[in-house]
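What follows is a structure written as structure tokens; I'll ask about it next.
Chain IDs A, B, C and D follow the sequence of writing; residue 1 opens each chain.
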Amino acid sequence: MKEDPNHIKARKFGMIIDLDKCTGCGACMVACMSENNVPFKEDESNKLDSITWMRVYKVTNGKPYPDMEICYIPRPCMHCEGSHGHSPCVSVCPATATDYDQATGIVSQIYTRCFGCRYCMAACPYHARYFNWWDPVWPTGMEQYLSPNVSPRMRGVVEKCTFCFHRYQLAKDRAFYEGRKTIEEGDYQTACTQACPAGAITFGDLNNPHHKVNQLVEPDPKHNGRPKNPNAFRLLERLGTNPKVYYLTSREWVKRAGDNYLKNED
Amino acid sequence: MSLGIGVAAGTTLSPLPWKVTDDLSIWTQRWPWTPVPEDGETSHVNSVCTLCPGGCGISVRKINDRAVKIEGMTDSQINDGGICILGLSGLQLLYGPTRIRSPLKRMGKRGSGKWEPISWEQAISTVVQKLDELRSQERPHAVACISGQKNGTVAELLKRFLTTYGSPNFMHVPSIQDSYELTLSMMNGVQAMAGIDVENAGYVLSFSSGTLEGWGSPVRMFKANSKLRDNKGKMVQIESRLSNTAAKADKWIPINPGTEADLALGLAYVIVQEALYSRKFVENYSAGFNQFKAFVINGYSPNKVANNTGVDSSIIIALARDFAKAANPLAICGRGQGDTPGPLAEFVAVHALNALVGNINQKGGIWSLPEPNYIRWPAAEPDETAKQGLREKRIDGAGNGAYSHTRSLLNRFPEALNSQKGDAIKVLLVSAANPLYTLPDTKSIKKAIDKIPFVISFSSYMDETARYSDLLLPNHTYLERFEDVVQPAGFHQPYIGLSKPVVKPLYLTRHTGDVVIAMARALKGNISRAFPWKSYDECLKQTLGAKLNSLMAKGYWIDEKYTPPTWAKAFKKTSKKFEFTLTPFKQPTRVLPKGDASTFPLLLIPYDSVRLANDRIGDPPFMIKTVEDTVLKGKDVFVEVNPKTAEELKLAEGKTAVLTTPTGKANVKIHLFDGIRPGIIAMPKGLGHNAYDKFLAEKGINVNDLISPVEDATSGLDAAWGIRAMLSKL
Amino acid sequence: MFPFSFEWVWDMDHMVFHGGLWYALSIIGLGVTYCIIKAALDTLKGNGAQHL
Amino acid sequence: MDSALIPQGVKRCPTWQFLLWLGIVGVVLLWGVYAMVLCWIKGLNQTNMNDAYGFALWIWADLAVIALGGGAFFTGFLRYLVGKDELKNIINYAVLIGFICYSSALLLLAIDVGQPLRSWHIFWHANIHSMLTEVAFCLSCYFMVLTIEYVPLILENRQLDKIPFFHHLGHNMHEIMAIFAATGAFLSFFHQGSLGGVAGVLFGRPFAYREGFLVWPWTFFLFTWSAAACGPCFTLLVTKITETITKKKLVKPNVVDLLGKISGWMLGTYIVAKIIDTWYWALVTVPSKGFTLTDFYSNNALYGIWILVMEILICGVAPAIILIIGPLRRNSALFMTAIILAVIGVCINRWVMVLQVMAMPVLTFENWVLYYPSWQEVATTVLPVVYGIILIMISYRYLPVFPQEQELNPVEK
């Protein structure tokens, strides 16, 4: 949670997911798994121990046939900012194994430092954090597709979505080689954004008014980044987690499913 | 004791604890059983994915010689950077444990999984010996081939091989493309492929087509759906189940399954009655309209149709008006992912709707595309034995008598074989197909295959059919070979893609094209002469000719300027006009599912999910990981049941029940789902494999074990959309 | 825990926390050291056992 | 056989009987050790914990034993700092129980983490803003204090005391024990509190989250308070159990009564604070997050409003009343009931603050997730209990744990 004085203007990378476009196809989940060397095991049907940094939830309006409606809600790590980087998980980690980077707004996870106390998982209301209950094992030969950009994790540590932080580093390196001072919007995109066949995911710098993410939701800096766009919402806005993942929908019930409301509230 | 304390104190004060803790930290980071991916030079190879007929461009990221990630190709006309879940998982197939690593000869009983690796020379000579034997017995027509591909050089090589060898029995795996083709032939009078200009449609009326379930070219359909949304277009889904497509549609219209043709005709009734149709098209460029008009007016009033379809007559009327008045309306059909050809009546009725609103060969409509003609090899010259063999009737009955329009009827193959005595087919070649898993009524397929003494599979993976074969001649995977990819399903512009080797072949596999050429050469005579190429790559190079350069550079060739022929020139019927044919309606419009309603009160419909590959390729581990726990839990599959139906049957969420159909029986779990009509149960396709690896095998039930094909009276193609069923407590 | 690890910051939070920590550790450490040294001295002096 | 080790002037059971019991308990201990080794070698997949239950049975056991071990610091605080001198007659036992509880807690934590070999990261790379860091530091430091408090008792063993250095060491440690006790009380205050803070700071989990004072949520203070109230109850309970098993009076009634009375007042004030906290939480905190109290206690098979009634009224208010009111307290059956209820109450409190927090869905489209522990988890949780029994058995046999034992049970020579 350190301020980086070298950065004149901090970036704040965020993601917008258009739920009207999302079809629940799961490409984001697999794009993430293959980008980030996420392991798999024989039975992955127990979703409580299945590592999916990006998870697509199937949400219904709860009405009977034929009025039922379905919406898919993809849920990466929200990279909560809380107030001043005080995200639910970062502040609780005893070993500083997860950190809020003030320069990018990305919540990192240092696998080699994490000793597996799982306090961060208890703190995260989005279930975005996953524990390596098992040794990651790839069938013989399959380890050949592992990417060197992301280190495979060991048993006993927590992992989660990093907004493909390694891609940010690669983009910065590339810009440096090409003699550019800054990276462009398109230089750094997450694997899920890139793969989404429906084009439902937009990624960029929320602090930059030229970036699409900023234009789509118009985050309100006076209210901890709450979206000004009436069709945009964040999951569990009321908890004050101040997430950097926004959702767009035209359906009122979907918006309402994003947070808890009392009966008399509208 | 004091010694002990002394030692403890000494150790604590020495640097030893620090060293130990430090080492521990390092050791826990580098456990020898956790792989450390090797770093190296990054490169990208552009290619085309052939895991489904979608034909997406892919860009594969490599580190040195290893492929590490598959991404969508950004400038591809089909998928523009997007990619589907299966395409993303491709490297798990390439490097996975299910690869067949060399030619294998069966040792134990069929399907026992005992194999002996043999050399390619041995393998080919074994095949050639068998084939020579058959020809010397004057029975070349006892060879059959099942191909997953219909077009392209490999399919053509196989066809050519069969023709010069003397067998008419080339069968391809059927899909809705066959039905569309037949429809175009009957109504437009052309032998063409259906191209759907979905990107420019303003209103998409889908009759149970899973446009977001993997229908057509999946990524293209996803993109088109988002574009429709951006353009404030409308999408209406007619389906008995709230599929993903229905969920994303502006309107979901639940319908009694199998009555889609009735609804289409009901809509036609309103359009005709209220004169909402395109006068320009109907009056000037169509024939048989009056007949058609009389037909729908007589039989398909909204009230009648409401009765059959379960869709309210007011909805029918409103829908017809919306559709006819919309800008660029488009009606499409073909259930789910479109793997089953379906009832021809549906296609004709829906195509008639398109004709009524005049969107044939128009922007945002249904185009007819000429079949690709880049393969221009000199005609093969069969010798006498071959000619005799070719004169024999096809085993599946296609192209003959009742089925004279249809080119291939794989669905009739098992039945044809099982009803005959002896072994009508002696040798079966299976290429890019897994019929033992993908065709309905797996039991009868197995029985049919049992009657074939020698089955050869070209599969790269140990799928169900490969496991049950006698000889395996593994092809390179799509990431290790050159191959032309013709016309992504439903794409509306002439298109050829080129699959390129991304990595060197990992194992002792060989390109099926090369194997066919080698077989032909070994058979000598006219057969050998018909295959003048030294290798498949040479054949491909020659075939592609001038297109090769652009294909190598861009990965695809497209005729972007292509526009379909105008109405004046488009129709090749004798009338030179579009014909509102009634042929398929002379039979009962509705294809009834197998089984009687008194014993089997429910209807079982298979459903497709884009997260479950249900064609010849099984789900790789990544994909199966994304399957929800209300679809698969442990080894159990869930069927979707309306809570009302479940209540009547006294079945609760998560409970195990016995699902019985006229074809089979299985234990399933109940998932209460309000998105399905009462009385219907839905089961996912793509589970219940018994081959492949531990990540996929023995999970769930293959719905093809429970359903049977139903022959369409006009086309002979499989028209089944479900089967009657019974659900009882365990 | 020590000023040379990178997460160490010289701010109020760290000073209060580590102040408390090192204070407690010092008391414990000094107390025990005192007891041990005193006991050793007492033993050397050899003044009477079992006088409790 | 081992009579030379047994303190003078007290009677102990025959060696064979002692060894027999030790053997029986030892078997259970081995079972626990086996499970522990399994968890260390094969990893935490041996448990039924999952991504929804990152914290489960072990963390509850941790919190519970630490609360119960609170008897040590609070009795020490009363004895050395407040000057309640009578309590010297029970302080040894309180320290022993505390020592057992804290060592158990450390052991459980060492099993509970995914990478036990890296546990020192919590110290080395300490994030001082984490309640768990505070817990870890205070816990370890206080465990040192407890060891320091326990060591003189060991040195009082007949044979050890004969060694002059140990004799002097024990004596000197006694001399400055007040300093250690004060440090211990300070540390205890913070770690009991930060254990409460562990749940209270989770602003993503409305069931656990509490507002508070400066950086400390209200649970911080409530946990310290409840540990101070219920810890001595546990000390008394174990004493009573020991008395029952040994069939001897070991502590004079006035000592028990005094500690009981103090606990009663602590419990009474605690429960008032707890009720106010719950009230405020239910009426202000929870609705501001979009929940109502009933959301936390419905739609699941286990957690109903009964658990709140149980914790606050039956296991809080009731024992507090019994212990405060003299005549009731002096009724031995009621006294036993009260201390048992108080112990149960604090265990329930720790349970809900760990497990109900995990079970409760926060996202609207998730459901309650219930969990049951695997045998490995149960075995490793039983492990500290049997370890404690063994340590008590040995300590009681060979050390002068109860200063009043000789007086209350004169041995006929």
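The criterion applied here is as follows: a contact is a pair of C-beta atoms (placed from the backbone, for glycine too) under 8 Å apart; a residue touches a chain by one contact, two chains touch by 3 or more.
Just so it is clear, the model here is predicted, and its values are computed rather than measured.
Engineer: Determine which of the two chain pairs, B-D or A-B, is joined by the larger number of C-beta pairs in contact.
Structural biologist: It is A-B, judged by the count of C-beta pairs in contact.
Engineer: Using the mean of all protein Cα atoms as the middle point, what chain has its own Cα mean nearest that point?
Structural biologist: A
Engineer: Could you grab the centroid distance between chain A and chain C? Build each centroid from C-alpha atoms only and quote it in angstrom.
Structural biologist: The separation of the two C-alpha centroids amounts to 46 Å.
Engineer: Distance from the CA centroid of chain B to that of chain D, rounded to the nearest Å?
Structural biologist: 63
Engineer: Give, as an integer number of Å, the spacing between the C-alpha centres of chain B and chain A.
Structural biologist: Here the centre of chain B sits 34 Å away from the centre of chain A.
Engineer: Averaged over CA atoms, how far is the centre of chain A from the centre of chain D? Could you give it in whole Å?
Structural biologist: Taking the mean C-alpha position of each chain, the two centres sit 39 Å apart.
Engineer: Two or more other chains in contact with one residue: find those residues in chain C.
Structural biologist: Residue numbers touching two or more other chains: 7.
Engineer: Among the residues of chain A, which ones contact at least 2 other chains?
Structural biologist: Where chain A meets two or more other chains at a single residue, that happens at 46, 96, 135, 154-156.
Engineer: Hey, what residues on chain D touch two or more of the other chains?
Structural biologist: Touching at least two other chains: 115, 118, 121, 124-127, 129.
Engineer: What does chain A use to touch chain D in their complex?
Structural biologist: 1, 46, 48-49, 57, 59, 73, 82, 88, 91-97, 113-119, 121-127, 129-135, 154-158, 235-236, 238-241, 256-263, 265
Engineer: Within their complex, state which residues of chain C touch chain D.
Structural biologist: 1-2, 5, 7, 13-14, 17-18, 20-21, 24-25, 27-28, 31-32, 34-36, 38-40, 42-43, 46, 49-50, 52
Engineer: Sort out for me which residues of chain D touch chain C in the complex.
Structural biologist: Per the touch definition, chain D meets chain C at residues 123-129, 134, 137, 141, 144-145, 148, 161-162, 164-169, 171-173, 176, 179-180, 183, 186-187, 190.
Engineer: Can you list the chain D residues touching chain A in their complex?
Structural biologist: Residues of chain D touching chain A: 43-45, 49-55, 112-116, 118-119, 121-122, 124-127, 129-133, 136, 198, 201-206, 287-292, 295, 357-358, 362-366, 369.
Engineer: Spell out the part of chain B that touches chain D in their complex, as residue ranges.
Structural biologist: Of all residues in chain B, those touching chain D are 21, 24-25, 27-28.
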